[in-house]
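There are two complexes below, and they share subunit A, which is joined by subunit B in the first and by subunit C in the second.
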Partner chain A sequence: MATADEIAEAYADWQVRCNGNARLARMLRGWDRTVHLMATDTGDGFTIAVSGSVLADLRHGLVDRPDLVVSATSEDFADLFWGDLNPSEKYVSGEIVLAGSSEDVMRLDAMSMVAFLDQ
Partner chain B sequence: MTGVEQTADVVVAGAGYAGLRAARDLAAAGLDVVVLEARDRVGGRVFTEVTGSGAVVDQGGQWIGPTQDRLQALADECGVTRFPTWVEGSNLEVRSGGLHPFTGLVPTSDPDGSADTVATLLDLDLLAQEVSPSSPWDHPDAGFLDSITLAEWVATAADTDVARSLVATATLAVFGCGPDELSLLYVLGYAHGGGSMSSLIRTSGGAQERRFTGGAQQMAVWLAEGLGDRVVLDAPVVGVAHGPSGVTVTADRAGADGVRAPWRVDARRLVVAMPPAVHGRIAFDPPLPGARDQLAQRAPMGSVTKVHAVYDRPFWRDAGLSGQIVADTGLLRATFDDSPEDGSHGVLMGFIAGPADRLSESAGPDGRRGACLEELARAFGPEAAGPVEFTEQRWSAEPFTRGGPVACLGPGVLTGCGPSLRRPVGPIHWAGTETASAWSGYIEGALESGERVATEVAAALGAGAAAPGGR
Partner chain C sequence: MSEGAPAPAATLRRAMSLRTAVSTSTGLAFAALQYLAAAGLVAYVAGDSAWISIGVAGLLALMAWAFFGELNGMFPTAAAIRRYMSGAMDDRVALTITFTYLSTIVLVVAADAFIVSAALTHVLHAPGWLTAVWTLALLAVAVLSNLRGVKVAGWLQDVATSIVLAATLVVSVVALARSGTALRTPFQPVHHHSGAGFLESVALGIFLYSAFEWVTTNAEEVRDPKHIHRAMLIAVAVLFAVCAAMTTAMSHVLTHAQLITAYPQLALGQKAFGAAGIWIMAAVTTVTALNTFNGGFITASRFVYATAREGSLPPLLARLNDRAVPWVPVLLLGTTSFAVSVVVEVVGGSGWQVLVAVGAALEGMIYAVAAFCVLRLRGRVPDHHRPFRVPIVRVVAIAGLVVFSVLALVASVSVNNRFSPVPLVIILAMGAASAAYTVTVVPKLQAAEAARRAARPTRRRPRRPPGTAGPDPGAIPPPVP
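On to the complex of A and B.
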C-alpha cells in the first residue's frame, strides 16, 4: 500500500521525466484532458490536468469532471510513476482499468507506455 | 428441367463461415438453399486437423477476441468452450541475431525504438478512427490515403528502424504480406474494423485472446450439420450463367464413384461467399462488370504458411517463456504457444508470411521444416529441434483459398473498386470476410457478411425476415 504522499512523490518524479520528453510532448499535442486516478485499495483520489502538452502537478482529490478515470492499487500507481511497472502489461491483465472514450484510452495507454520506455 | 440437376431459391457458393451463416439464415427465412462447396470439408480458411500424433491443430483461423460477438454467440450455441491463449512468461524478441525477453505488447530491448513503435501505432490508430471500416473510400482524404502504402507512411511516421521493423512484423502476421504491399487506406479501415491495429496484434484483450477447445472449425461443422443435405461437398463452382430471372450455377461435382461431372443448379439468386481472388476463377456469363472483375484481379490473397511443431510437453514454459516470438528476420516472424488447454502436450505454432512464404517455395517441405526448427531451437533451446511431429499448411497452394489469411489490397484498389465489394450484380450477391464492415479478415467478419447477405437476398426475394432461427 502506498500513501497519498508517496504517490505524490513518485508522480513528481514522473512528471519531470514526462514534461522533458520530446516524443511525449509530440504525442500530447492538442490533447487537453482531465484525468482522475482512483486508488482502489485506499480509496484515495487524485487529479492530473494535461494542457498544452504539459502535465500539471498532481492534486489530491477528484477535481473537475474527468475525461478519463484510471483505477489501480495505490502500490501500482506508485510503481508506475517510479517507472518500475510496465503499464501496458498491467492494463492488458486488467489490473489497471482505464475508463473514457476509446480514443482517450488508446492515447493514455500509449503515452504511459512511452513514458515507461523512454525513462 | 432439361440439363439442370437441381433447382433452389438460392445457391450459396462456398461453405466457409460466411456461406454457412448465410445459408442458415436463408433457410430460416423459408427459402430453399443449396450450398456448393469446392472442398471435401466445410470451414474454408478455418480447418482443424487431428495430426498423426493425436494433436488437435488449427491449420487456419483459430482465435476469438473481445467484440467478436457473433462468433461468441455461435460458439455458445453449439457448446464450444474457449480458453485463453497461453501468455504466461516472457515473450522473445529476435533482433539482429540476439534474443531479448520482454513482457507486454511491445519488445523493450531498444527502449527508444520501442517507444517510437508505440507512438507510431498510436498515430496509426488515431488515423484509423477517422476511417469507416465499411466504406473507407468515403473518407475525405481517401484519394491520398489510398495512394500510398503502409510502408511509405511508416517511413515518415516512425523515427527509428526498430519501429519500422516491428510494424513490418506485425503486418506480416496480420495480413500475410509486408507493409509495402498494402494501401494505407485499406490498413486503416481494416484496423478500425477490429478496434485498432493495437487490438489486432494483442493477445490478451485483442484478436488473439482465446482459442476454441477442440478447434475453430467445429462451429462450421455444426452449421453444416444443421443444413443437412443442402450442403454439397466436392463441388467447386466453375460457371455462372446469369440474367434477370436468376442464375444457372455449374459445379464440377464429384460423384459417389469419384468421377466428376457438371452439376447444374437453377436458382433465383446466387451468394458468392469466397474471396474476390477465388471467384475470379469462375466463368461468369455474361462477364462481371469491369469494376468487380478488376477487384477480383486486384485483391490478391496474403501469403501464409502455418506451421505446428508438436512436443511431448510445453517445455519452454519451464524456462519461463510464453512461446511467443517477435523476429526481425527468418521464416518465422511470429510464433505462439498453441498447446491444448490442459498442457498435456506442447505445440508451438508459427507463421511463414509474405515474401518469406513465397521465397521458401523452393526449399520444399523438408527445407522449411529444417529452417523453422532451427529458428525455434535458437529461441527455445535444443529440445525445440526435435518435435514429435511437424506440420505445415501452405494456404498459398490451396486452390480454393489461394493464400491467406485475407485479401491484401494495394494502393488505388479501394477507391477504384471498393464500392463494388458488396454491390449485387443482378441476381449475384457477395459475401465473405473481405466484404465485412467490421472484423474483415476474421471469422467474425465472415459471419457478419453472411448475415448481411442473407438479409439482402431475403429482401430481394420478398421472403420472411432472415432472422437467425433454428439451425
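On to the complex of A and C.
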C-alpha cells in the first residue's frame, strides 16, 4: 500500500513533468476537467483539476463533481505518477477502472504517455 | 464483495442518458448498408413474409443481447471484449478473433461510403465515375473531422437517428398503403422458396441488427450502468419494427431490377412520395453516414490505439496528434475503407452483396463467441459480480453457440440466393492474416516492449515493507486541500 504522502509526492513529480511539456499544453487546450482518484485499497480520495492546460496541485478528498473517476490501488497510483507502469495495460486488465467519456479517458492516457514517452 | 463488483457510483458531470444510449445502439446498427441488406433478404423468402425472417433474427438478437448483457455487466468497460475473451480463451485466439471482427468496421464504413455516394450520383443524375469522387470526399470529411477531434454531440446523434428511423418507417408504411394491393403471402415465408432459403434469410436478417452491441463500449459514460442493457433491448425492438416494415414494403412495391440496385431505398421513397421521396431518402441515406462514420471511426481507432498501447500492435499506431487523436489508425481506416469501396465499385454487380455476406457471417461469429465466453466464464469465474445473468445458461448458451455458428457458416457461402464461397474465402483470408500476425509479430512486439521497459530505470523510490504505511519523515507534505 502506498500512503497518501507517497501518492502526493509522485503526483508532484508528474505535475511538474506535465506542466513543463509544451506539446501536452497544446493537447490539453480547452480541456478543463475535474478528475477524482479513488484508492480502492486505502479508501483515500484525491482530486485533480486541469484548467487552462495546467494541472493544479493534488487535493486530498473528493472535491466538486467529477468529469472522470479513476479507481485503482494506491500502489498503482504511485507507480502511474512516477511513470513506472503503463496505465493502458492496467486498464485493459481491469486493474484500473474508469468512469467518464472516452474522450476524457484518451486525454488522461495521453498525459501519461506524452509526459513519459514523449510520443 | 464479489470479484468485479462496481465501486460506489460517482455522479459524473457529463454522463450519457438512456436516450442517447438507445440512439447510439440503434444508430450504429442502422447503416445505409441495411437498406441493401433488407432488399437482398427478399430474394430468399416469399417477399411479403420477409418480416418473419426479421422477427426470427430479432429473437436471436435477443439471445445475443442476453450474452452481451451478462458480459457487459461483468466488465462494464470499453475494453470489455478484450477482457472477457482473454478470460475465456487463449489470448492469441482472442486477439485473432478480435482483429478479424474489427475488420467488420472497415467493411461497414467502406460499404456505407459507397452506398451514400451511389445514391448521390443517382439522385443528381451524375456520371458513374463521380461515385468514387463522392466516396473520397465523404471519407476525407470523416477522416479530417476525426483528426480534429470532432465528435458528434449526443443530442445531435439522438436527432439524426430519430430522423433516419422515423423517415424510413413513414416512407415504408406510405409506400405500402399507396400500393393499393393487399399483401400476398404475409405468413408463408417458404412459398415458392426452400427451407434453406429461409435459413439464409434469417442469417441475413441477423445483419440488420448487427453492431447494436457496440454501445457496450460506452459503458463507462452512462449515468446508470443498467442503461446499456436497456438500450440494447430497446434498440433491437426498434430495429425489428423499422426493418420489418421496410423489407415488407420493398418486397411489395419494388421490382426485382429495383431491388438489386445499390439504392433500393430511393425507389421506395419514390413509391411513397414521388420525386420528393427520392430526395427524402437520399437525404436520410446521407444522415446514416453521420452515425456510421462517427461511431465506426471512433470505435475502431480507439480500439487500435489501446491495443497498441498494450503492446500488441506497433507503437506507431499509438501516436497522438495535438488533439489527442490517434491519427495513424484514423488515416489507416480512411484509406483502407476507400480502397475497399473502390474495389466494390470496380467489381460492380454483387460487390456490395459480398460485403453484406461477410458482415453477416462475422456478426454471427462474434455472437457465437459471446455465447462461448458466457459459458466458459461461468465455469472459470463463478463468483464474479453479474448484475444480469443469462437464464438456464447451459441450454441458452449452447443453443446460441450452435445456432450462430450455423448461421455464420450459411451467410458466408451465399450471395444473392446463390452459392458463393467468396465471403468465406475473404473471412478465412482475414482470419489467417490475423492469426499469422498474432503468432509471429505480437510476441516480438511484446518482447521489444518488455526490453524497453527493462532498460528504463524505475523512478519510484524503494517501497516500504508491507504493513508499514504511515507518515514518513522524509516525505513531502501533502498539498493543503
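Everything below uses one rule, namely that the second predicted complex is superposed on the first by the 118 of 119 C-alpha atoms of A that agree within 3 Å, B and C clash if a C-alpha of one lies under 4 Å from a C-alpha of the other, contacts with A are read in each partner's own complex, and residues count from 1 in each chain.
Criterion: a residue touches a chain if its C-beta (ideal position, glycine included) is under 8 Å from a C-beta of that chain, and two chains touch if they have at least 3 such contacts.
The model shown is predicted, which means the values in this text are computed figures rather than measured ones.
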Report for A:Asp5: first if it touches subunit B alone, second if subunit C alone, otherwise both or neither.
second
Applying the touch criterion given at the start, work out whether A:Pro66 contacts subunit B, subunit C, both or neither, answering first, second, both or neither.
second
Can you tell me whether subunit B or subunit C touches more residues on subunit A?
C
Classify the contacts of A:Val92 with the two partner chains as first (subunit B alone), second (subunit C alone), both, or neither.
both
If you stack the two complexes on chain A, which partner ends up touching A:Ser51: first (subunit B), second (subunit C), both, or neither?
neither
Could you tell me which stretches of subunit A are touched by subunit B in one complex and by subunit C in the other?
23, 26-27, 86, 88-89, 91-94, 102-103, 106-107, 109-110, 113-114, 119
Hey, which residues of subunit B end up touching subunit A in the complex?
103-106, 108, 111-112, 114-116, 118-119, 121-122, 125-126, 129, 195-196, 198, 202, 204-205
Show which residues of subunit A lie in contact with subunit C when the two form their complex.
1-6, 8-10, 12-13, 23, 26-27, 34, 36, 38, 40, 42, 57-63, 65-69, 71, 75, 78-79, 82-84, 86, 88-89, 91-94, 97-103, 105-107, 109-110, 113-114, 119
Enumerate the contact residues on subunit C facing subunit A in the complex.
4, 7, 9-14, 16, 75, 77-79, 82-83, 149, 151, 217-218, 220-221, 298, 302, 305-306, 309-311, 315, 318-320, 322-325, 453, 458-460, 463-464, 466, 469-472, 475-479, 481
Which residues of subunit A touch subunit B in the complex?
23, 26-27, 86, 88-89, 91-94, 102-103, 106-107, 109-111, 113-114, 117-119
